[in-house]
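Naming follows writing order (A, B, C, D, E and F), and every chain is counted from residue 1.
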Amino acid sequence: MKKVVTMGEIMLRLSAPGQQKIQQTQAFDVVYGGGEANVAIGLSQLGLKTSFVSKLPDHALGYSANQQLNRYGVDTEQMLFGGERIGIYYLEKGYSIRPSKVIYDRSGSSFATSKTDEYDLEAAFQDADWFHISGITPALNEEIFQLTKQSLAVAKRMGLTTSCDLNYRSSLWTFENARKKMTELMQDVDVCIGVEPLQLLDAEGNEIKDRLPAKPGPDDYKEIMQEMHRKFALKYIAMTFRNQLSVNHHQLKALLSDGSGFYQSPETDVEIVDRVGTGDAFSTGLVYSLVNGYEPQRAVDFATACFALKHTIEGDAGLMSLAEVEQYMENRNSFSIRR
Amino acid sequence: MKKVVTMGEIMLRLSAPGQQKIQQTQAFDVVYGGGEANVAIGLSQLGLKTSFVSKLPDHALGYSANQQLNRYGVDTEQMLFGGERIGIYYLEKGYSIRPSKVIYDRSGSSFATSKTDEYDLEAAFQDADWFHISGITPALNEEIFQLTKQSLAVAKRMGLTTSCDLNYRSSLWTFENARKKMTELMQDVDVCIGVEPLQLLDAEGNEIKDRLPAKPGPDDYKEIMQEMHRKFALKYIAMTFRNQLSVNHHQLKALLSDGSGFYQSPETDVEIVDRVGTGDAFSTGLVYSLVNGYEPQRAVDFATACFALKHTIEGDAGLMSLAEVEQYMENRNSFSIRR
Amino acid sequence: MKKVVTMGEIMLRLSAPGQQKIQQTQAFDVVYGGGEANVAIGLSQLGLKTSFVSKLPDHALGYSANQQLNRYGVDTEQMLFGGERIGIYYLEKGYSIRPSKVIYDRSGSSFATSKTDEYDLEAAFQDADWFHISGITPALNEEIFQLTKQSLAVAKRMGLTTSCDLNYRSSLWTFENARKKMTELMQDVDVCIGVEPLQLLDAEGNEIKDRLPAKPGPDDYKEIMQEMHRKFALKYIAMTFRNQLSVNHHQLKALLSDGSGFYQSPETDVEIVDRVGTGDAFSTGLVYSLVNGYEPQRAVDFATACFALKHTIEGDAGLMSLAEVEQYMENRNSFSIRR
Amino acid sequence: MKKVVTMGEIMLRLSAPGQQKIQQTQAFDVVYGGGEANVAIGLSQLGLKTSFVSKLPDHALGYSANQQLNRYGVDTEQMLFGGERIGIYYLEKGYSIRPSKVIYDRSGSSFATSKTDEYDLEAAFQDADWFHISGITPALNEEIFQLTKQSLAVAKRMGLTTSCDLNYRSSLWTFENARKKMTELMQDVDVCIGVEPLQLLDAEGNEIKDRLPAKPGPDDYKEIMQEMHRKFALKYIAMTFRNQLSVNHHQLKALLSDGSGFYQSPETDVEIVDRVGTGDAFSTGLVYSLVNGYEPQRAVDFATACFALKHTIEGDAGLMSLAEVEQYMENRNSFSIRR
Amino acid sequence: MKKVVTMGEIMLRLSAPGQQKIQQTQAFDVVYGGGEANVAIGLSQLGLKTSFVSKLPDHALGYSANQQLNRYGVDTEQMLFGGERIGIYYLEKGYSIRPSKVIYDRSGSSFATSKTDEYDLEAAFQDADWFHISGITPALNEEIFQLTKQSLAVAKRMGLTTSCDLNYRSSLWTFENARKKMTELMQDVDVCIGVEPLQLLDAEGNEIKDRLPAKPGPDDYKEIMQEMHRKFALKYIAMTFRNQLSVNHHQLKALLSDGSGFYQSPETDVEIVDRVGTGDAFSTGLVYSLVNGYEPQRAVDFATACFALKHTIEGDAGLMSLAEVEQYMENRNSFSIRR
Amino acid sequence: MKKVVTMGEIMLRLSAPGQQKIQQTQAFDVVYGGGEANVAIGLSQLGLKTSFVSKLPDHALGYSANQQLNRYGVDTEQMLFGGERIGIYYLEKGYSIRPSKVIYDRSGSSFATSKTDEYDLEAAFQDADWFHISGITPALNEEIFQLTKQSLAVAKRMGLTTSCDLNYRSSLWTFENARKKMTELMQDVDVCIGVEPLQLLDAEGNEIKDRLPAKPGPDDYKEIMQEMHRKFALKYIAMTFRNQLSVNHHQLKALLSDGSGFYQSPETDVEIVDRVGTGDAFSTGLVYSLVNGYEPQRAVDFATACFALKHTIEGDAGLMSLAEVEQYMENRNSFSIRR
């Protein structure tokens, strides 16, 4: 069985139940999540061996986050315990025309204040086939950026395939800083998910993205992806598209490039139970497909199926089994009760 | 007031709250349900006298199931207590593109292991006008098939009208076995709901259903119904049609034949709270209509209204009052708050 | 900061959780609400000073209602305590094709049995800019009608602007009685929301409303509004339009007249979390706009935004902040998570 | 099987969950209860046939109360539907040194405003062996007092044994009025539970109760009971004693007189889940014992066991089975898990 | 009506429901609390005017904390909004032999990082009679210590009486540092609650507390209090005593000195619903008593009643009304339901 | 780190929330538990490596049980998936004088119907130090008895220490059968917990247990333990004592013999949150102590601390950390909040 390692922050998520506003609630629902942790759980549910590398406080909140990873099959042998606190995000789920809101309270977390030399990266990558990271992790601070960079380098050196979900968050760093840093990380990345905030210029040295139309579709991104292939040694570039009809009704599709061809998944309508972690579910499906050697078309279809199904599942983590994803792909229009 | 008797299994239903997956839940919502029990409760809520015949374990779970029947007005004078266990089904409600799932754990239940001679059928049918059963009951095992057969025979002998919802479940028996057994039961049935898995041949001895188009509609079933009228002494044959736009958005209609004419209800769009027991709600509405002597068009309209409304009600049982069904039929497009 | 005073009844609302029927529930969700109280809370959430005048029983239920007002920033210095009971309404939320139901149990409440001379109206209107009331309050009984009438008179005398949401409830009084009384109140009203049950005749003395088409739209109401301007000294007349596609999917718009022009808001589609109090949210948005001197078009747009957003919020009260309403107005088609 | 009829009011009980104060709660737990309804449910759970006579509003609240009676096996064939409202009581459960609180909102209920001639008392008592009532019912108003009196008279005429739990409530009537009316009712009562507010004079015409010591025990009440036997044609008089160590820790015992001897049950310590309805559970146990011909000592022991066990059961109703009461009586000090 | 101002931090409290461990929970119950905020709410519930001075983040969590204060009647006109985050504490409630646990996550909160010159202390103390603070506030950091010191100075200058609950927390500062700083603050304090960590030497310059016996009782603290009166210009010194029989069963009493005499309250046994905030309830009762001029014995009795009653109330805040405290004091051994 | 393997059944536990009766509940709380699974989880929480061997159905219920084991750190590499169903037990928690009830529905479970040759026992015991089993497992049926016997033999052959908690359950087998089979298993057991149902005769061949007094204490069991040491090659024999003051208040102690001496732990009073799994917590503490080489007195004290603490924790599993057990042992009478 293939083994995938991910590294990043896992946070306490506190969400107001149902469609309540934070001001109304007398209780918060509790799960633990974060981009790379979600991918680790998702891959474990699909059947791979996974390991998650991070640092958590040495008290009940840290243990609870760790237990959620273990519960869903993620190895936490390389988890560090210590530091001051667990990062938190508060979620108020929107509905119809009222958008969801997230309040972050993550600064000073055990992971964000951890040091590169606390981690035994060689032990972490032992026997592993793949290393996945997102752009949220290097955005935390310079030390964690260096940890990310070094992790990618060690992973490449030890023969792992590497993937990165660019996942730009304006609340964490400026676009310019993100662009510089993420571009720097690309040298050790094999599979890139998303295209921003990389600096991508056309033959004349102009920003390609400045030429994107108002509502760009898959075709509009092909030139950008080609430039990415030219500029970096990427094996695959993938990207999702989301048309939001309302807060709880989206249309989804995705595009995958292997440098020689473009592969697009059919559009899927979803009504939404929980939108958080859906991008991570796409990454999950893509890594699963590629580590298992799927053909590009099947890979983007599988990743899009994971992406779409996650919208119907409560919490951060994509708790779809392989059987559920495959049944969905084979019976896209069969909605009967499975008895 | 007319009195309807039904017989079958009533199970403990354990459902994960909201749209949670079973793996996520820390609690199961509890109701008790089963095809014939749902019909008994539904008819009682509409205002008829009803009685439910079954066997339940002689402990708190059995009493709880029995109390749910009593709560909604069903007489359980003929309920037997004993045996090993209550049958269970676990329900994970799907949403959007993720189908609902049911896990059955019903073998060895008090009803399934009961014997025909434990029941006092003559007492059960005393003063009753109608006896209803579904195809799930005879599917349980040979003994219960014989109980079903004998019940229909006694009911007919005592002058009751009988109805059967064919309700084929591939998890309980093979199609061929079901076909043979259900065909055998038809001799004592007056009103048949559904057309499968009966063996229905055309004049040349070919299976009529093999000629159905890919997505058969009401018109496509008319020949099959005519053959059923030819073959069995049925007064009425009814059938529902369901077009599933997504897991929680269906379009519904129904067809009723009285041997001389076909009556079709208008299509109804429903968004779904709980899909379980909706077929039973159709049977409820049909039995209610026919025992009260409604004209066929009104009968199929009333049954379809029950069918549609049940999709908006949590639990197995169709808890619609007569006033609610009639208000719906008269004001199909009035969705204002009733103050 | 502007200050708005409202007066009326605040009731205990008991609603079956989720989509449960009242017969199914083992618990009622609790909030406290009523037309004018909802407007006071809504205006307070938007940032105005507000005060609510009423009478509540002198026990834990009365204190709880009062505390909900305080929680959301409404001053209750003029609240009276005493009398027998708090009015109640029970809410069963419908879904899809099953309408919501309300059972009222409000007679004999502390407010309904209070006397005009218990209230210190001059103190209540001290430093206030606006007084708002609805047609539910004068409908309670003759004494409360007189209280309403006198309140409007005192408010006008003290220089406040006055608004009235006609809000005809057939369960409280007959149409004819309502017409007579509400017409009488109009003499001291500056802003009227709704057009029924006022008596409005055309030049020939015929009821204008008798000429309305089957499904009247904004244009159809212009003549009525013009007649209202002719008959009463109204500064503004506003009215909402609701097209109900199903119990939980409505299309909304509104019309505002300032006597010289008509201003219409664009149609908005909403899926519904809680429909109760949405008319009050429209009044909230309108009063907010007008007390702050918004132009008519912006006023009707702002009021419609409040109206629409309230449909997505649980409970009676419109808990939208000014930022939320403004963000919605500026980004009507942006449904992304706000991080 | 013996059949017992009870008559009275059944109310909606709204209780703050756990030990929450009413001001804190966002939900009320819902059950339906009232003295005589509790006795009917309790007797039904013990295995008797029971019937409850009352009037409920003809809407979902009334149906829900009726369904709770049916759920626990009480016949409601004689239930009337109509009138304005269901009576309510709010319960805030205390703990330790904080007493529980009840807020009543019962005036104007369907039962309280019902008329004697609405009831078919002869039909209600058909085939019945026993009629039970409490002192709360005649306290409601003069009309209901007359209904109570007439019911007792009809019951006696039709050969039923009658019992009355005096249950004085100072919130409903004055002591003097209660004394006069309850004394008048005694003429048709066979079994009296409690001794106040009857007028009981010694040989010298002095109030016997004025001679009671500060903390009267069973022995102190014997003279009073003897005077009751002298004054009324009572077969049995019973009375409970409660020593409250804290809000949730009581010591219980009871005294029964049959006119010739006194029978006392041993003291029982209980920690309390729900104290409401415990007196009704004593009545339940006493009526069960006497209608089944138990010896006086066994009767008072059985009634005290019901009384004590109810303290451990949530809600108004005493949901103990006969087996549970008997096991408790036989194994008073065995607290192991029953597997 | 007297007005009391308090200043300090109000935190988000996240507690595992019931007796769950943090590792088990899928939800946290939410209230907002902190020593001085609890006192403000408590005094408001008793009937005083109160105002709370603090700083909260300018988002939904900050608004929610503010709304809780408003809900229970506390004026927040002087609340500042801004800064990074709300402080948090996690609560795992113990039971029997398992102690409760608190995990703090409060560093970097909006209040802790606020500056003295952001506050308008003169406006805050306008029209106020009393200023209360606890030793937790000055422990946060040097800036907040200075804010505390300056607040006490301004309060004294403006003629308010001042009180301080010493409330030493070893997790916030060292004993030595606390001793030095709290001793410094004493110069502007009139009423001191607790005796540690002040430096108190006897005539020979030896630490008086070193002479305390192993289990010191009220008498053992008299010398310390006398020394406090000698050293500082205190009008009153109060102190609580708690004998913990188990996690949920404590015995409570208190001692008050006015410099000339000692006043002790009787011991009270309590079983515990929520132990957090009980010390704050004592302060509440003491401030209420003294601001209203109660005699010392009544003051310590009233404060102990508040202290004891809070143990039975869920959440941080002491939600007892004046009537409840007085009824408890008058009927210490009456545990009947209040109807 | 030491590694402990346990084998047995893990069941779905469905418990009515709080103190509700099963007949009252609309939801069941869900955990997964069973004697040996509880010990594995408990040891894992204390810090050991653990592995649990069993068989679960290959569907969501089986996965959920497996995930609970993983969540709390138990390795399930040797878990088999297949068979028909998961065993269930229903729990109704008693209170005060009302005993708890358990209804079992475990026959036909995947584990009970598994075959010895499905298990790879040598792989299961690889690198392990200890193997623990209870008397419930061999009681299931002859095949599972043989599996148990063979497991003990293989474990001994591979050098593991073995322990067995006799745990007689009359609902599973007769005392005589249990005695014969458990006596047979003793040949490969090193540590025996409990003394029944072994056959233990004195020198004259008489049953020693027939000489036990009515309420036997630790001293009374010494002769029995000596006879066990004589008859079997046991290193340790341990036994718990429980004095039940009420359903929720017990007194606990334990006795340990190492063949040369007896070691008794002090009596501990506990109030109870959840009594299920407390014996398993004792086994947990004992195995932990002995595998880590604790002295006998410390071992029995540590095991009794685990035993006692588990009574305060909801669910089957003993979720105490090593720090919590050690803190309890060092501060038996310190019940303060741990901050």
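Here, a contact is a pair of C-beta atoms (placed from the backbone, for glycine too) under 8 Å apart; a residue touches a chain by one contact, two chains touch by 3 or more.
Since we're looking at a predicted model, the values are computed, not measured.
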| item | value |
| --- | --- |
| Label of the chain whose CA centroid is most distant from the centroid of subunit D | A |
| Interface residue overlap between copies subunit B and subunit F, same or different (over half shared) | same |
| Euclidean distance of C-alpha centroids - subunit A vs subunit B, Å | 46 |
| Subunit B and subunit E, separation of their C-alpha mean positions in angstrom | 63 |
| Per-residue overlap in subunit E, given as positions that touch at least 2 other chains | 21, 23, 26, 67, 101 |
| Touching residues (chain side subunit D, partner subunit B) in the complex | 67-68, 70-73 |
| Complex interface listing, subunit F residues touching subunit E | 268-273, 308-309, 311-315, 319, 324, 328, 332-339 |
| Contact set on subunit F toward subunit B in their complex | 14, 17, 21-23, 25-31, 59-61, 63-64, 67, 84-86, 88, 90, 92, 101, 103, 105, 107-108 |
| Complex contact set, residues of subunit D against subunit E | 18-21, 23-24, 94-102, 104, 169, 171, 244-248, 275-276 |
